[in-house]
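Lettered A, B, C, D, E and F in written order, each chain numbered from 1.
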Amino acid sequence: MTTVNDILEFIESIAPKDLAMEWDNVGLLCGQSSKEVKKVLVALDPFTSVCEEAVKFGADLLLTHHPLIFQPLPAVTDKTTVGRAVMTLIKNDIAAINAHTNLDCADGGVNDTLADTLQLNNIQKIPTDADGLLRMGEVETQDLDAFLDRVEALLGCSGLRYVSGGKPVNKVAVGGGACGSELYAVIAAGCDTFVTADVKYNQFCDAKELGLNLIDAGHFATENPVVAVLAKKLQAQFPDLTVKISETHRDCVKYY
Amino acid sequence: MTTVNDILEFIESIAPKDLAMEWDNVGLLCGQSSKEVKKVLVALDPFTSVCEEAVKFGADLLLTHHPLIFQPLPAVTDKTTVGRAVMTLIKNDIAAINAHTNLDCADGGVNDTLADTLQLNNIQKIPTDADGLLRMGEVETQDLDAFLDRVEALLGCSGLRYVSGGKPVNKVAVGGGACGSELYAVIAAGCDTFVTADVKYNQFCDAKELGLNLIDAGHFATENPVVAVLAKKLQAQFPDLTVKISETHRDCVKYY
Amino acid sequence: MTTVNDILEFIESIAPKDLAMEWDNVGLLCGQSSKEVKKVLVALDPFTSVCEEAVKFGADLLLTHHPLIFQPLPAVTDKTTVGRAVMTLIKNDIAAINAHTNLDCADGGVNDTLADTLQLNNIQKIPTDADGLLRMGEVETQDLDAFLDRVEALLGCSGLRYVSGGKPVNKVAVGGGACGSELYAVIAAGCDTFVTADVKYNQFCDAKELGLNLIDAGHFATENPVVAVLAKKLQAQFPDLTVKISETHRDCVKYY
Amino acid sequence: MTTVNDILEFIESIAPKDLAMEWDNVGLLCGQSSKEVKKVLVALDPFTSVCEEAVKFGADLLLTHHPLIFQPLPAVTDKTTVGRAVMTLIKNDIAAINAHTNLDCADGGVNDTLADTLQLNNIQKIPTDADGLLRMGEVETQDLDAFLDRVEALLGCSGLRYVSGGKPVNKVAVGGGACGSELYAVIAAGCDTFVTADVKYNQFCDAKELGLNLIDAGHFATENPVVAVLAKKLQAQFPDLTVKISETHRDCVKYY
Amino acid sequence: MTTVNDILEFIESIAPKDLAMEWDNVGLLCGQSSKEVKKVLVALDPFTSVCEEAVKFGADLLLTHHPLIFQPLPAVTDKTTVGRAVMTLIKNDIAAINAHTNLDCADGGVNDTLADTLQLNNIQKIPTDADGLLRMGEVETQDLDAFLDRVEALLGCSGLRYVSGGKPVNKVAVGGGACGSELYAVIAAGCDTFVTADVKYNQFCDAKELGLNLIDAGHFATENPVVAVLAKKLQAQFPDLTVKISETHRDCVKYY
Amino acid sequence: MTTVNDILEFIESIAPKDLAMEWDNVGLLCGQSSKEVKKVLVALDPFTSVCEEAVKFGADLLLTHHPLIFQPLPAVTDKTTVGRAVMTLIKNDIAAINAHTNLDCADGGVNDTLADTLQLNNIQKIPTDADGLLRMGEVETQDLDAFLDRVEALLGCSGLRYVSGGKPVNKVAVGGGACGSELYAVIAAGCDTFVTADVKYNQFCDAKELGLNLIDAGHFATENPVVAVLAKKLQAQFPDLTVKISETHRDCVKYY
């Protein structure tokens, strides 16, 4: 018999808790740790629609990257989206486990997966304040347009935002999710190009002024590749489980 | 049809939210605000055993004085007593509403009820930092032993702790729950005797030195009288409801 | 003779200082207040390239929306982009004045201009914590695609990001720059659609779940319309000045 | 000749200062360090009545567990109980030394003495945040009533408050004074029973829910045994001193 | 009979407590409020030597400007100068009252007295953050050397430190004690000259650069004139008291 | 070619940055790090008058002890003395480097130079909270007047303030600038005499009571000796530079 707790321990073996940022909330955030698990739904986010998919699927556990609860809850009611999601899970006896910034930093986690997906070579960690967060690697020297094509194709983005730093692309840093504030560390590490998401105007402007190609490939597109990796590792470890990747969870953000 | 929300509005009409202390957590802390309510269980505390009684009773709502959630929850799991209580309620579709320090301070609330139960005359508010918290009133002048008898009989305590301030009892302050730190305000208001609970050693010692009769009649015994008052008011406002006072919730603290 | 100080007073008459957020830095941030001004360059940002344009133009004053200095400077050197900009201005005797969040909130400021540019009707303020920041107005009811067309055309965006809330567009909120965190106030005000910029992933996701059309039209595109308005007001007040809108300052962010 | 300072050094050798909590105030809190000491009064608390006993006894030093001054004094006047005690001591040339949380934690201190007094076997420290504070040990397995009898008899309590955790008593934790908040550490250490004081309602309720027998044996009764131990050690070290245990200091708290 | 408390009330009638700065400590800082007072020693400071003079004089009360206790005392021992002073007073049954920043600000207090002593005309308050602190007035226009002569003669200083702001003296600000940080308020009020004490190097340098004559006439010399005023008011109010000004308290600072 | 950066590196080799206090601001505070340097002006302070001397001298760099910018600047305008100094330097292409508390603490820095200038023997560091700040050494035992003569002569002070601790002078502590609050560390180190500056009234009074000769020899006089040392070291390292000590910067504080 595989329990919620068995899966929690496995997840924490591949994404150790002490890699998580101090402000983060990771692990078992909802449910009964002793419950038997037969079916697991894996998704990037525990949105209400994903929780409903878990119910339809008959899942015992929802495994996600982003946490179900971020700000601790003073109440669990239908007045908030988080409250509704928690109630849906509890009523249907579905536990929720997540690995967030610990999975970002872990070997083989979000950022290693992103670097792999972009087919970078000689992948290494970039020294940052939040150590182990970013990765960098190399591509054959190419102009920015060619690289933008590659990013869109490999990540399956429906659009991109970027500034050109005026340089060809060779040494590429990656940071899934919102890592724009790390652009100075990226430059200090000698990179010419940085792929991340949720980039703010002043970060784009600084990058241009400092000569860095900065690409916002989308939060979903840069992080979602880890979902398949996670599902695969889970299945390999627990062959008897039915592990399914969410079918309904798509990137909600569109380009026009 | 009476909804959870209708009852919340009524409770907040008799114990307005802005009377609550800043650190408190009051109102609808669990459940669906639009749900129809037919049965209500009323109790001092939302302990797991009380939640289970609510399930057996078929309650749609659990109404308590103490909050279900005090420290906001980073997770809702079986690893904590609060998590277990919240899960029990949600699985059984039972909402939870509470009125805590707002009910302490409200007219006709915890402390007015306590003063009434002790049959004090000329009941008035005592000026304190947490305004409106304490009440004082008068009894026929009597020695402390006679008054201890009265307290035990009227509150149904199975025991008491006290220090004698060396004075007969005439002007009595009351503060349900842990109000021992207010003893200076009580003395400043001219009282000779103070009935409260959860009194600490140094508060007992200070009271003795300052000549105040200080009686710790128990947290449960000093606050529980409001439960019946609350149940009665609720029933009067919503005659169609089945309102029941918890049968299982007794004072857990014993004297030896 | 028109001095830097005369222009500062005029700017503060149309964008009063006390409308600025507490964390903001507005007013005369560089230069000599008594200096005579003959030529003014107006731009959204005081980037190094804009400062160089001011030098070539022979400007005495650079008037911008965003502040030249945001974090107070422990040093003014060539090691930072801000230091380089400040040194360029001082060496060429060019003062720098800005109106930032005070211009966002001011009547006829950034957000009124944005609402006008989008041809909204019945323009009103939306109550928010940072009072006076957002505006809302109406358009003829239309589907989201039609409205996206309008936004792109009227603001001259080269691209957009958005989520559909599943509703037609009729009541539109606008907030130039990064106002995504105000989406709850926008919904509370009864709007179906919100045009702003620098929207983060979780804000897009929340909007979708809450049924709000949320459009990130770009920081530059949503704020730049105020530059022409500012230049025009300045010219009207000081007819002898040579007032020029920056020719080099374009949106650095591109879509792919 | 034995001076105040000699005694201070001895006390700090058996209860080292660095064992004290950061918020505590220990050591020489009143008087002349060079003064000769012939008579010492030892007591749990430096209350005014105890200070008066010291005067009558002709003491040169008052040695206590609780500090004479806890909150630093902005004034030394007759308007506060502490001010009166300090003035009484100074006028009569009596120094005051105390060992508080350093004595709680010290080997052979408050908690070792409490464990000894309760005749526990295999006494060990319990790991807690405030390291070294609690002790645990074993008794022959017995039901709770038998153990309550033992506690009352051995500590000489005039009453007790407790909750039953529904288990027989075998592995007992002790913490003199107000240690109720440590009940989670006590459970984690595998104890079934915890003897401490000043226990609050929610701590009693948590203990019951978590299956821990929790006994509030009184602040005085749990800490006072150390007074005799302290007096004995002092006398052994300084045979020429006249060391007396306070005769007037009794537990002020009564049970009814 | 005149008590310590009667004198406290009188002092607080001429220097109301709510004029004191938030960080200050004023009023009865030592002794018995009900004690009868026959002899009062008045001095600027409650130094040990002054306390000993009080003992010799047989004083019942020591009235000073500076507080006996500034940082609240965690202990009252011979290890600190304050502890020694407090013990000396208590052993000899001498109470201590002070009026510090409340007397600085009060009408007829430290700064009015200083302005009077310097024979300023048209004395007014200067608006400052710590409202009511400084005074300003006029002298016949004179060069700085002449004014330095006047200051030295009228205050009885044995030396002075100063910078010249390059202007003749006409409009003079005064602030007894350490008010150098108020020099910007002094300039804003239109003064050319500022007499205060404990002036720091950067304050002297700023004054010179800003064109203000800044004179450090000594902490003692600028504040001590109020002692005679205070003694006189006290004697007038309580004619039966023996009021004496300290004979031993002189300025300890010398010039070379 | 010698650049600003070359000189910065040299300065930081003799006064390492990590010796600076946490609140300090040291290093290159203004200008272009790559600029060639031919002429350097060295001074204690970067006052406006010194900046103007640097302009007249044709300096490329101003090297000072005190920082040009202390509080980080929200604006660089003519409304503040610092803003004017920064603008003067930038307009004339003069960089500004300083070594402040790092030079105080450095071997051969401010305090070693002060000790040397006073011809102390056996110079050692005094243990303090701000480690390495103070120095102490010995003189032939002499009375205080003789030592005051020596101080005035060797430092070229135009005046002194002091208190006598009632002891002859033999073991002397020195701390350039405002180190009066370190007097307890000085006494603990066994010194009888302390030479520093910007001493406050209560520090003088404490010194007298504690028996320490405390001499305020002026901020300028105690720190300025390091200027010549700094100039000499710089010239030795970079023989081709024209290094000049400021001729206009004199102590602004006068004695009367």
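Just so we're on the same page, contacts are C-beta pairs under 8 Å (C-beta built on N, C-alpha and C of every residue); 3 or more make two chains touch, one makes a residue touch a chain.
A quick note: this is a predicted structure, and the numbers were derived from the prediction, not measured.
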| item | value |
| --- | --- |
| Partner chains that chain A and chain E have in common | none |
| Chain of greatest Cα-centre distance to chain E | A |
| Chain A and chain C: spacing of chain centres that average the CA atoms, whole Å | 32 |
| Intercentroid distance (Cα basis), chain B paired with chain A, Å | 47 |
| Centre-to-centre distance between chain E and chain B (centres being mean Cα positions), rounded to whole Å | 54 |
| Multi-partner residues of chain C (each touching 2 or more other chains) | none |
| Category of the chain touch graph - line, ring, star, complete, other | ring |
| Complete ring sequence of chains beginning with chain B, oriented so that chain D follows | B, D, E, F, C, A |
| List of chain F residues in touch with chain C within their complex | 25, 27-34, 69, 71-79, 86-87, 90-91, 93, 95 |
| Residues of chain A that touch chain C when the two form their complex | 45, 47-49, 81, 148, 152, 159-164, 177-178, 197-198, 200-201, 204-206, 208-210, 218-220, 252-256 |
